[in-house]
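Structures incoming, each one as structure tokens.
Both complexes shown next keep chain A, but they swap its partner, so chain B is in the first and chain C is in the second.
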Partner chain A sequence: MLRPFVLHRPRTAEEACALLARLGEDAAPYAGGTELLLLMKLGLLRPRHLVDVKRVAGFDDIADGVRLSIGAGVTHRTVERSAAVQARCPLMASVARHVGNVRVRNVGTVGGNLAFADPHSDLATLFLALDASVELVSPRGRRELTLAEFVRGPWETARAADELLTSVRLTPWPASTAAAFVKFGVHERPTLGIAVALRLDGSGTGRARVVDARIAIGCVNPCPARAPGAEARLSGVALAELEDVAGEAAALAAASADTADDLYGSADYKREMVAVFVRRALRAAAARARGVAPVAGFPHTIVA
Partner chain B sequence: MSRRAPLRVVGQPVPRVDAVEKVTGRARYVTDLVLPGMAHAKILRSPYAHARVRRVDTARAGARPGVIAALSGADLTWCDPYFGPAFRDRPVLAIDVARYEGEPVAAVAAVDELTAAEALDLIDVDYEPLPAVSTLEEALAPGAPLVHTGEPLAGHFADLATLRPQPGTNVCHRFQWARGEAAAALAGADLVLEDTFRFPPVQHYAMEPHAALAAWDETGALTVWAGTQNPYSVRVELAKMFGVPLGRIRIVVPHLGGGFGSKTYAKLEPLTAALARATGRPVRLAASAAEAFQTVRRCSARVSVRVGLRRDGTLVGVTCDADYDVGAYADIGPRVVQKGTYTATGPYRVPHVALDARAVYTNTTPGGAFRGFGVPQLAWALESLLDVAADRLGRDPVDLRRQNLLAHGEEFAPGDTPIDGKLEESLGHAAQAIGWTQTGAADRGRGVAAMLKASVAPSVSEAIVRLHADGSVAVLASAVEMGQGTRTVLAQIAAEVLAVPVARVTAVPPDTAITPYDQTTSSSRSTTMTGRAVQMAAEDVREQLFRVAAEHLGVPARELALADGAVVAAAGRLAYPEVLAIRFGMSGGELIGRGVVAPGRTAAPLGGSTPFWEMAAGAAEVSVDEETGAVRVERYVSVADVGRAVNPLLLEGQDEGGVVQGLGHTLLEEMVYEEGHLLNGTLLAYRVPRADDVPRALECRFVENADGSGPFGAKGAGEGSLIPVSPAVANALARLTGVRLRDLPLTPERVWRALRARGSR
Partner chain C sequence: MDASAAREPIHLVVNGRARDLAVEPYALLLDVLRDDLDLKGAKRSCDSQVCGACTVLVDGLAVSACTYLAVEADGRSILTVEGLAEGESLHPVQRAFVDAGAVQCGFCTPGMLLTTRALLDENPAPTREDVLHYLRGSLCRCTGYRKIVEAILAAARARGQASAPARVE
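The block that comes next holds the complex of A and B.
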């Protein structure tokens, strides 16, 4: 059961960092609590101090400028409903609609999700594909890290104990970008998540060509990982020919995956599923680029 | 005259009588109960699958402010610390040895739950880890570490009193049964098929975890408010434990948030009562959902079946070797094995049968009763193999089954209860509803399966019906309301007999000090057995009304009838309050009716051992994502032979729940152990069906021929819908893909592997 703790409610990031610095190992930053409290209830974590960052000024802001910035304290539900997010990065809004379950979405936050670094995180996979970075603040100042720099392994990030994740930032790709996020699995957390984003040139639907591709694989690796071989294979491919190349790209992605046996499945099965779902994600992205809504239709599968 | 009148209340979709209190959150469960001075308990559980418990030091915990008592097994010298329905092999707290991960080793009662939980951290236990067995193979291997070494005490069932574990092995109980000459029959059969099937350990996951509240009073009497399906069994256990007469122990059962067998027989009640005794205070123990995984589960099984058929499809012989993993303590496992195996041949006519089953101890959570009681494990094997047989013989699976079904009135086995339903109707309806003979979509497959299950026997139920001075009615019976709707059904039965609206009837919650003996709320028996007792008790009241009115009106009782809360005769009408005023000479007093259903005096028209047979058929239509192996049940039809649906609304709900629970072990659920360590003991990793797993088309229908031994021709239901689900789904998958799965659940990876082994077609 949940053991007692002291709840701190700083109003500024500086206060929060000072608390974290002072309390050290005894403290944990706390936002939605959807991951942290589960582990505390199970007795796996027992911080004596929680530093609630929800009241920190600016943490629940979504700033829409050249870059889109999502405050660490913004809930998944708010992301889903944000007009700015829907307009600038519709895939992010769509993924937010399918994170966890409805209770998680209503209180869980973007920053909490990333900072927890569960290998099954939808957002880490998504943001990796979207070239996002995170901003961290500490008494030593501010720094910005790419997602790949930030997430170091299962439940492990580059965040120092007295550092606070303040926001996620990304420069949205053009509206014509073909993108999709697909996840698969029967458990509460997905077995596999795949994010693809294809920047296209040529406005004519028939002539559009991939100029830049991102494929991120989540859940099966120790932490979300890009599939550079598959991305390279897709570069320059005409949208109309994507279907022919998808299988090859999917195989490259699967070959790059570092899968292991666990409760979610055997390593070979998960590797094969990477291929299946990269193919499906590419197909869904291509369909969107043609103005067709991708059909999910597959059991235990969500297409966002 | 009107005793043959059409039914007024029975057969109607009466909304459940406790619906409003439940949906408004006012229904009270054990954890809603608070007594003055009540302490809260927490359990320290073994982190090892198997370990010698060398020493438990509770001194620091006991000294913590707010802690009232801290107990270990060694402290329980003032009571009999063992319990269990089949064998008394389960200590209240581990004594010398912990036999599974999660076994209670010590417990603390404190002023609040937090203090109790924190005190657990202060208990020092010196464990010496021992080699463990966590699978049937490990447990049955020569020289395997033994889960139990001594001989356990007998439990409280006379029919199980002769059971003995096999010394020097992990075999807790062996059951062998034969009729005819199975070996010879199989030798002479045109087609013999043999295969081995596996059924996983699964968790009931009742929404409400186990809970109990115990209090001893100043006279030395014990009251326990318990979330239990059988208060009278719990009472026996506690009486033995504490050496207290049955009459001084009172078990009260508030609402249950689901049972499914997980709350049969004593679970947390012995520990709670011991803590209450040790503290001299009321003690409440409320387990978590994760602790349910450490309390009881379904017995997993490995089942090898051989079936022999003639070329024309006639079944001539069946042999079945079944090993059930009953975990670390017997619980009711031996009876699960015995009863399940006895009906291994399902609803079919099989002249030559040889059955050999073992209940095997392992170092895992004890296996016990779970909806289906041993039958789902065997139906999974037999019903799968029958489809293989149909395929090999070039026969339609529905026709092959129909050809071999036991007929109405035919003895299941010589001397046993004749079949009291028409399964051919259920099977026919299920096949028709799924569109069996119509061409389906190419990407869909259809499958069927059938089941037959005996209810518990012998089986005793008693009931009291009280007609009050204002004409309202109280039903006193000990069938437990656990969501299935028994309070509503019992009220309907009394309302029917006594010609009053259901709203005028109150079904009193079970309380062994008030409501009379009922064996158990399980085995699909309550409507049939408790309901019959209520019907008899209401009829007893009716006869008393007739006697008083007949004398008063000067007409023979046979010319009287009940209607609209009154005794009616050609000459006139006496409302119940008037009848009671005549009987007692004042507006007080009540008529008390009594009903008893017991072996030798059952209402069963067909006689025999089980009071009724539960029978059902299921038909599934599935699709599969061949690239991932994910199976989706698109449509499902369940048809149960229920004699009469006393309340079709509740029955439909119960059977829908059964199908969905069946989909759990069919597609999703399995407790995964690795060297005795449960890897998925929380709902984050253990997946129960959700609303979005329910087939888009799910139909639950009933066959009603009023041929049951229960009230108004009803018979048991509620387990039957679950049992055909796995084989129906697997048969559908096999017909769609050509792939035959033998291990449940049919996870995407298992199906994918099988599809890959098959190759492309």
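The block that comes next holds the complex of A and C.
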């Protein structure tokens, strides 16, 4: 059962922000409710007003320009099935396909997922690896923050109480990018998520080299983090030699990971798993670069 | 409480029948279905979108009725397990579950049937992997899933045969 609340349904971002500004701590933005309503049922959150942002103009748009922009109210299902997302950033479509379960994907939104900043969010980890940013709007105007600036800690973001997350934007890497997202877990929410994106130079697959690497580690840590040491190690590596270097890069990633003890496992266990799964994610990305569809091959493991 | 106690009129179609209701903004679809409309097929179990026992279809999409505000259903069409069969004649998905013995205690079955219906409407010829992917988050504590997966694949085959043009020898 839910405690009583008033439901507001603004049609514009300005209206929504004005409501949030006026109602302050008493209000919570609401979209799919897949996170918010659960915590309200448990009594952990008790907003007396919900500001439904689903009718705000433009919130459910996917705009395909120089940058790809996903409206905050776009559901995971829509991301999964969007032709624009599939064409410009196939990894995002693939990750969306594996968020939660089909019922969560049908109503849960990209913006809600990011704004909630659950440490077990796949999207924050993915978007961190893809150099995405989020746009926030408030009575003071608009601002754009990188994912790292936006997600501050577990369930904590840089969003002010009267600010609204409107979209997430990214510049898709070229089609030759080798990318993979690997996650592992026996519970509803994953224990670990690793995103890798390797930008390859233009030469044929036989001679391709990594010119830029992104590795993001999520779920095991208070908030998702890049692994700069591992990324640096991969720069300049020939695709053909990626397998040989993957173990070393994975060890660097594990060493840099700020793993935390929780019900999903001990910090030490998670650190070990980061090494294992960064290696597997690199292997999956390398397979894709060679035109081979990667297979998970291990229980409770998903390769997106 | 103040204005929050105000009921809101909603108009929806439940299992093909138009319904006009007045619900509190904080009423959950599951409670409206079970308590106001006396449709007990959808079950409250985990109450957190993890188990699938409360699955209903809203405009064809599977949702957890336990975590879906009834006001969101305004203007939409809801299908519960009570609306699957046509009179005394079981829906092909129900038939396939019976034939495969995919039911034990039956608690998860309404959700499984509706999830299957949504899957087959979206993907008439799913592979075993497609079925397993779609069933993630639909928990059964009796069957071990094997017979459920068999039933879903059988339902897809039956549907394919029913809709395939007749072969002329």
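Heads up, the rule we're going with is that the second predicted complex is superposed on the first by the 304 of 304 C-alpha atoms of A that agree within 3 Å, B and C clash if a C-alpha of one lies under 4 Å from a C-alpha of the other, contacts with A are read in each partner's own complex, and residues count from 1 in each chain.
We take it that a contact is a pair of C-beta atoms (placed from the backbone, for glycine too) under 8 Å apart; a residue touches a chain by one contact, two chains touch by 3 or more.
Computed from a predicted structure; not experimentally measured.
Peer 1: Touching A:207, do we find chain B (first), chain C (second), both, or neither?
Peer 2: neither
Peer 1: Of the two partner chains, chain B (first) and chain C (second), which one does A:33 touch, if any: first, second, both, or neither?
Peer 2: In the superposition, A:33 contacts chain C only.
Peer 1: Is A:22 touching the first partner chain B, the second partner chain C, both, or neither of them?
Peer 2: Touch partners of A:22: none, neither chain B nor chain C.
Peer 1: Kindly classify A:188 by the partners it touches after superposition: chain B alone (first), chain C alone (second), both, or neither?
Peer 2: In the superposition, A:188 touches chain B and chain C alike.
Peer 1: Which partner chains sit in contact with A:290 here, chain B, chain C, both or neither? Use first/second/both/neither.
Peer 2: Touch status of A:290: no partner.
Peer 1: Applying the document's definition of touch, where does A:5 land relative to chain B and chain C: first, second, both, or neither?
Peer 2: Second partner only, chain C.
Peer 1: Which chain A residues lie in the overlap of the chain B contact set and the chain C contact set?
Peer 2: Correct list for chain A: 1, 3-4, 38, 188.
Peer 1: Using the touch definition from the top, list the residues of chain C that touch chain A in their complex.
Peer 2: Within the complex, chain C touches chain A at residues 1-5, 24-28, 31, 47-50, 52, 55, 61-64, 67-69, 71, 115, 118, 133-134, 136-138.
Peer 1: For a test of understanding, state which residues of chain A touch chain B in their complex under the given definition.
Peer 2: Listed in rising order, the residues are 1, 3-4, 38, 42, 184, 186-189, 263, 265-266, 269, 272-273, 276, 298-301.
Peer 1: Contact residues on chain A for chain C in the complex?
Peer 2: Contact set of chain A toward chain C: 1-7, 33-34, 37-38, 41, 48, 50, 77, 97, 100-104, 106-107, 188.
Peer 1: Chain A touches which residues of chain B in the complex?
Peer 2: 42, 113-114, 117-118, 288, 290, 623, 625, 627-628, 630-632, 667-668, 672, 679-680, 682-685, 687, 747-749, 752-753
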